[in-house]
Amino acid sequence: MGDFVKRQELYDDKPREECGIFGAISATEPVGYLTYLGLFALQHRGQESAGIAVGDGRAMDAKRGMGLLTDVFRDGLPELKGDKAIGHVRYSTAGASIPVNTQPLKVGFSGGNLALAHNGNLTNVNALKHELAGKGAFFHTSMDTEALVAIIVSADKQAIEEKIVESMRKVEGAFSVVLLTDDKLVAVRDKFGFRPLCIGRLADGWAVASESCALDAAGAKFVRDVKPGEVVVFTRGGQRPESFFFAAGTKEAAHCVFEYIYFARTDSIIDGQSVYLSRIAMGRELARENPDLKERVDAVFSVPDSGTTAAIGFGMESGVPFLEGLNKNRYVGRTFIQPTQQKRDVGVRMKLNPVRPLVEGKTVAIVDDSIVRGTTSGKILKLLRDAGARELHMLISSPPILYPCYYGIDTAVRKELIASTHTVEEIRQYIGADSLRFISLAGLRRALDAGDSGAMCYACFNGDYPLWPKDQPDGRQAAESGETCQCRGEGK
Amino acid sequence: MGDFVKRQELYDDKPREECGIFGAISATEPVGYLTYLGLFALQHRGQESAGIAVGDGRAMDAKRGMGLLTDVFRDGLPELKGDKAIGHVRYSTAGASIPVNTQPLKVGFSGGNLALAHNGNLTNVNALKHELAGKGAFFHTSMDTEALVAIIVSADKQAIEEKIVESMRKVEGAFSVVLLTDDKLVAVRDKFGFRPLCIGRLADGWAVASESCALDAAGAKFVRDVKPGEVVVFTRGGQRPESFFFAAGTKEAAHCVFEYIYFARTDSIIDGQSVYLSRIAMGRELARENPDLKERVDAVFSVPDSGTTAAIGFGMESGVPFLEGLNKNRYVGRTFIQPTQQKRDVGVRMKLNPVRPLVEGKTVAIVDDSIVRGTTSGKILKLLRDAGARELHMLISSPPILYPCYYGIDTAVRKELIASTHTVEEIRQYIGADSLRFISLAGLRRALDAGDSGAMCYACFNGDYPLWPKDQPDGRQAAESGETCQCRGEGK
Amino acid sequence: MGDFVKRQELYDDKPREECGIFGAISATEPVGYLTYLGLFALQHRGQESAGIAVGDGRAMDAKRGMGLLTDVFRDGLPELKGDKAIGHVRYSTAGASIPVNTQPLKVGFSGGNLALAHNGNLTNVNALKHELAGKGAFFHTSMDTEALVAIIVSADKQAIEEKIVESMRKVEGAFSVVLLTDDKLVAVRDKFGFRPLCIGRLADGWAVASESCALDAAGAKFVRDVKPGEVVVFTRGGQRPESFFFAAGTKEAAHCVFEYIYFARTDSIIDGQSVYLSRIAMGRELARENPDLKERVDAVFSVPDSGTTAAIGFGMESGVPFLEGLNKNRYVGRTFIQPTQQKRDVGVRMKLNPVRPLVEGKTVAIVDDSIVRGTTSGKILKLLRDAGARELHMLISSPPILYPCYYGIDTAVRKELIASTHTVEEIRQYIGADSLRFISLAGLRRALDAGDSGAMCYACFNGDYPLWPKDQPDGRQAAESGETCQCRGEGK
Amino acid sequence: MGDFVKRQELYDDKPREECGIFGAISATEPVGYLTYLGLFALQHRGQESAGIAVGDGRAMDAKRGMGLLTDVFRDGLPELKGDKAIGHVRYSTAGASIPVNTQPLKVGFSGGNLALAHNGNLTNVNALKHELAGKGAFFHTSMDTEALVAIIVSADKQAIEEKIVESMRKVEGAFSVVLLTDDKLVAVRDKFGFRPLCIGRLADGWAVASESCALDAAGAKFVRDVKPGEVVVFTRGGQRPESFFFAAGTKEAAHCVFEYIYFARTDSIIDGQSVYLSRIAMGRELARENPDLKERVDAVFSVPDSGTTAAIGFGMESGVPFLEGLNKNRYVGRTFIQPTQQKRDVGVRMKLNPVRPLVEGKTVAIVDDSIVRGTTSGKILKLLRDAGARELHMLISSPPILYPCYYGIDTAVRKELIASTHTVEEIRQYIGADSLRFISLAGLRRALDAGDSGAMCYACFNGDYPLWPKDQPDGRQAAESGETCQCRGEGK
């Protein structure tokens, strides 16, 4: 059987989300367990590590570990029964995934205990850490999280909300934060609102979460999104939170469009828009933008699961029947051994298998959400071709990704983005499609039009960055020259 | 957070498949790894344990363990590089899941090494074991597998194929078997062909598998199904197999209908019928049998994933749009902690969450494949009701299950089968649907009509058992009185 | 730090014992736990695996695993609360240590349940297995244990004691056995009494054990040793056992002398002789045989721990002060990483360190129990030499080992026995001692004279084998030519 | 078998050492592996956790974990190949043993990377932490280690040696420290020299260690002890270290006497005295102080292993033969299950078993090193009594422990120290000895007289504390009233 290698993942041709965060406060409900439920619904946002911190007003207990939520808490939650909790799930990367980089981070400071978890990517963190070290500070980790804590704790104010408002003015980047002190739960969202964060009402308290699906899971009723630049302070479960702003907020709002295209769960509603209906609308746009396919194709398939909703939308608009032409093995994602020599083919064949009677001799459209490096699409089309497909028309529910993201999304560096170095025709040839059609940026905007589309960040498609990363002196050049982007630290 | 319990599974309202088996022979291909690939595609047939045995003509190496295939073989396959291999995945039960009950079983006998794995349930095994023990035999396990080996090995013939033909005449029940000796790979299917087994061609050899999707995964080209009562002997990869029959075979064929309804993967073709197209046809039948719903419902949902294909079929026939109204959390299935008091509600909420904008104020049809105990359907309908659904019409793509199975399917005992003790109207009330419609047995037969529908076993729907289990002296009464069925041993 | 290797053990220059066994019967005492206690006191006889089987008259529950007793039963004993139990610990080898070779073996047979554990090595097992296979038997393992079970179960008698007596007449080799049926605990010792086995009285029952120290640990009072060729049957805890003989017994007795020299614990009394006093007597003999050392050496050290008691005896007889000149690191024995290049020196330095003030400028005697390959002695003497010793006189409390053992002791094959291929003077030079003195065979006999010294097996010293191993056709030649001995199977 | 409990340890009647530390610097030798070797020789000083940090001038890599050294580094050392390393082993307590409290602690600060490990107990750490927190500092752990790092890093000096000298003037307590920066290895010992620390020469570098036995293990040649109040700075392996003093040093020296009595390994030489010869001398003193026993006792035993060397000394002085009357099970120390009801007796019986022929009808002296709570001595004497001993005379090689330790030794709080609340006669009755004789304080001083006995701390025997713990406002009262001592934090 030869020489085997283990591959953590069979597919790596998708943008990666960074993290999911959750918080709960209630004197009567099991806040630690509600956080567990909430994080379980956010597991798609991060599978590398998980953690929960619980506070009861005096003590604070944190438990963190590598792996899925259910693995980390196999033997139970933090033992403390408290009235406030926060939690975190972190995404999985190949390299620097080490236990010390788990969240929430818990420390003791002059005000007692403090725990913090965040989602996103600071863009001036090196400068801020350098400044603090000059004053005698030291750092256990290279996480943005510890830098955030240091900046907040050392702020020259007394109350925690003042410390936060003061220090958030200095911090640049994309960040949604939940923070726990002995007597408060605080939610913070950067001034552009890059990463999502919303508030829900518990029977006797409050919850905050990266996505509304986590509120549903915890039994909380959605109230509203945290606003860009807002600091929301929850002091008691039975009492309305207080709100502070460290930035003007909504005018500059630049919500990440990829939450709608790929990251978020379809049952979430983010900044006023249903993720499910957005994807149906993207599929409809694709149908409208490609009227020739209506007559031409026998069926529309999706690349499961991320392309499915848009494929259904395409079917609804065009009248072409949606069929599950590719069976997805539900056990993929686990460590899989394979002989080094056969690496190329086995991966995709393990994950997807054509339903031959739907493919043989047929002309089909296949919908996927995005193409990053382009490595996977070709393999999928080959599977279908080998199963006897006559014509294969690839539809992508996002425009070509031309620019890297500095706000916490691990898309490839620019030179690895296939669309930034190749024409659509070149990509079509590379993946072996009979035709390749991306949704237009205008079409995507229309699909999101039901909501506040003007407030989206489309930088990865059009290079229009709301905020330039200070940690990269020659950043724009880097982006343009295709150099490796250094701005993604360990702690995002 | 109180008192937590761990639940292996959140859902247990489905019939359980027993096992998946695979075998490969080739002098030049990596048979152990091909078996690994094949079993990975059969993982849905059993998650409790996995094992692979490899032989090279002289030695035989087996590796088995509890858990998913990828867990059992995390550190590599059996080290022997051989030219023949068989493998097995076994389903997960709550109780008697112990390491000793893993397959393939490997022994030494007068003819050298022998390994055997099987799928199914023997119905006269107690009598056969009793007879052997009287002659000085002893048993390490209570598995049917060991009994099968003992019966075959002690048969008064010389060649292994003769031993098998001789002994299979004595063994009653449902069984598909793969067997390895130092120089042969053998595939056997009981005379009714209850459980599936098919043959594929490797580049330089042969493969056998429970389902054709496993042939695809291993890169084998489907050739034909093993016939009821057939023993197929593969001696060399480059040479055609020999075929022996211990029973007349096809006339009595009684293929399990639940493979098409629920168990098998949609990309498999079993005994000449596409599983995917069968389910689309069931959905179409449901639409034809319930024409009133066409105008009445806004959308058709499925209970994911098992009801999805039939729901799409319903949508195709009726014109009602198919939408994914229930989001399924892809991380469900792992050990989940929960407070004992809240057990009731958390389970289903963790797994499924309504996509609220699709549900609120809407009348919808929901398609599921079967109702066994009826415990889950009610919870799902309540979720949708709580999300604001106006009317909920439940459609089931199998008829009511009235009788227990003695051929290896772990449906409940009769008194736990809700349909055997309640009317459809009572079930409708119990699950809280506005209407409840099962497919008719005639409709199901029509959906399967493209193939050889006469050769199906519908015993769970109509009590027409092809073979009465000897191990249950008062068996029929048991079935009729609703007593617990003892015929399901540990080893199936 | 380079390239590391893991070494299971740092030292491998000692003969290896095979196993320890224990059994208990009592209606009122916790027999499973008493077996655990007894095995813990026998852990020195085997560290590779451990197992316990418990029976209650109807059911039988066995738990086995790789590793130390405390690791195997970390999560508790077999759950069954019974009135009879047996247990086993097995030694650790580099190669064939696999889970399937753990004991006790538990099977079902015509008489119900049966469990068996044994210590020793059968010498005609291949022939016996061949005969059984011809009658349709098959074997799950290559262990002698399974062969023993097969031979007993297939014996043409009804009662278990009759089956045992009948079959033990056919089995050749060294074996002490404990066996459990649903209603009996049976102890068996081969007709030479190679391996030890003794009986103790519990408050309300009986215990059997490889060594009397295990009876002490379980709170049993030593009664007597099982006699060579004896089958002792315990039916009820409150009732005296019945005794059967399958061989004349004591006349031929050939107890293993290495139990007294090295294997057994000093607090055990075996076949009437105190292990501790035997070793003191060996040390005294060494002093009497080497009167020149009395004036010459400043102190006597031991190679800890195995040489310590004889060193104390030497000190008592000679008046030379016994001092602990070598500190032994109590944490040795665990997996230790080391760079491949430095393998040579690190091992012994990690285990032993000289107490420099006792060594510097001193002439010392060092006592060890035996030299097998001679690889370690040289390293130890070098340590002392490097610490400044003036003269080093090595004393060995056993004669040179010239012949391999066929009765269950894993001494090296003949060509690896340094004393069988080198003169004492050559060995002295090889290990770098100023003088090297082995106890004489006559001196060893005198040291054991207090007991029944005529009944010992001294074959490894004088080649006088009580029984020739049938499984080795050209056995004697093999022994004499230095060929690898094949008689040590996996299951001893 | 009933209800089982797991006990981490069977014995807890000994004072506990805190930690062992080690450091190495060399451009050509494998410093990480040498640290591993050194720590292995210090394992007796701490079994709870272990860690190693390696630096190469730019990067620093640390690996830490719970458990024994060999467990923590089972899969290899830190990957970085550097020229400097430090390491740590930490003792095992029942309660607060959590992963976050492992050492060395590694941080980034304005000067680059810094790692620190220490042995001892700070006595004014709460005040120092409070002061730092007021300036915006925060703490991840409650370890003294992190406080030490914070104090050093925040010192208003530039060079690390200046920061250390400056800050060590503020820190009170017992501490031996090894510290690593990107370009230096530093060793520090508190001004009383409570805990040991010595310097050795590597072939091409330097090593520092808690005990000289660790220098031996790493192949380093002992050079000298670090002086009280000294900071030794190693910059290059090939270059002599620089020395700084933050306190006058040796005049106040107060080395812990328990290192010689119990903690240190017998092959270590600490502050000029051989541990082995000190213990022999204590045994001789016991013989001289108790001349009546010379004629009265048949033999002298020890409580193995801690009493053995003194017992040998007693035998040498008195002429009474030293014999190993108690066999110690070498596998004790691992997790052991036992039925709750039987907890009392099983523990000691599992660990020790009398060698009956040495005990029956005999009058014996038994030597142990100390009595803390007195719980174990009675059990041991009962074992011997039950084995038939006639008279049992208990000898203790330390005086009665009357006062708690504030310098890092976990003796009981005062009210649990049996000698502080009972007369010797009461203790004799409690443990069931025929006589009980402690060494006199004068005798102990004489035994240590070969070295610099005036420089010892005997506070646990005479209450003469060199330094009063600030963290305990009412400390002396506490000590005198028998209140629980709060000064032992998690990080010592």
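What to note about this one:
All chains are identified by letter, namely A, B, C and D, in their written order; residue positions are counted from 1 within each chain.
In the analysis below, a residue touches a chain if its C-beta (ideal position, glycine included) is under 8 Å from a C-beta of that chain, and two chains touch if they have at least 3 such contacts.
Just so it is clear, the structure is predicted and the values come from calculations on it, not from any experiment.
Path length between chain A and chain D in the touching-chain graph (shortest route): 1.
Centroid distances from chain B, each centroid being the mean of CA atoms, peak for D. Both chain A and chain B derive from one sequence, and where they touch, over half of the residue numbers involved are common to the two copies.
Centre-to-centre spacing of chain B and chain D amounts to 62 Å, using the average Cα coordinate of each chain. Computed centre separation for the pair chain A/chain B is 36 angstrom, with centres defined by C-alpha atoms. With centres set at the average Cα position, the gap from chain B to chain C is 50 Å. Of all residues in chain C, none touches two or more other chains. A complete list of chain pairs in contact reads A-B, A-D, B-C, C-D.
Here chain D touches chain C in the complex through residues 1-2, 4, 6, 30, 32-33, 36-37, 40-41, 43-44, 68-71, 73-74, 76-77, 81, 213, 216-217, 219, 265-267, 269, 274, 276-277, 280, 305, 308-309, 312, 316, 321-324, 327, 329-331, 334-339, 342, 346, 349-350, 353-358, going by the rule given at the top. For chain A in complex with chain D, the touching residues are 105-110, 114, 133-134, 136-140, 142, 149-150, 153-154.
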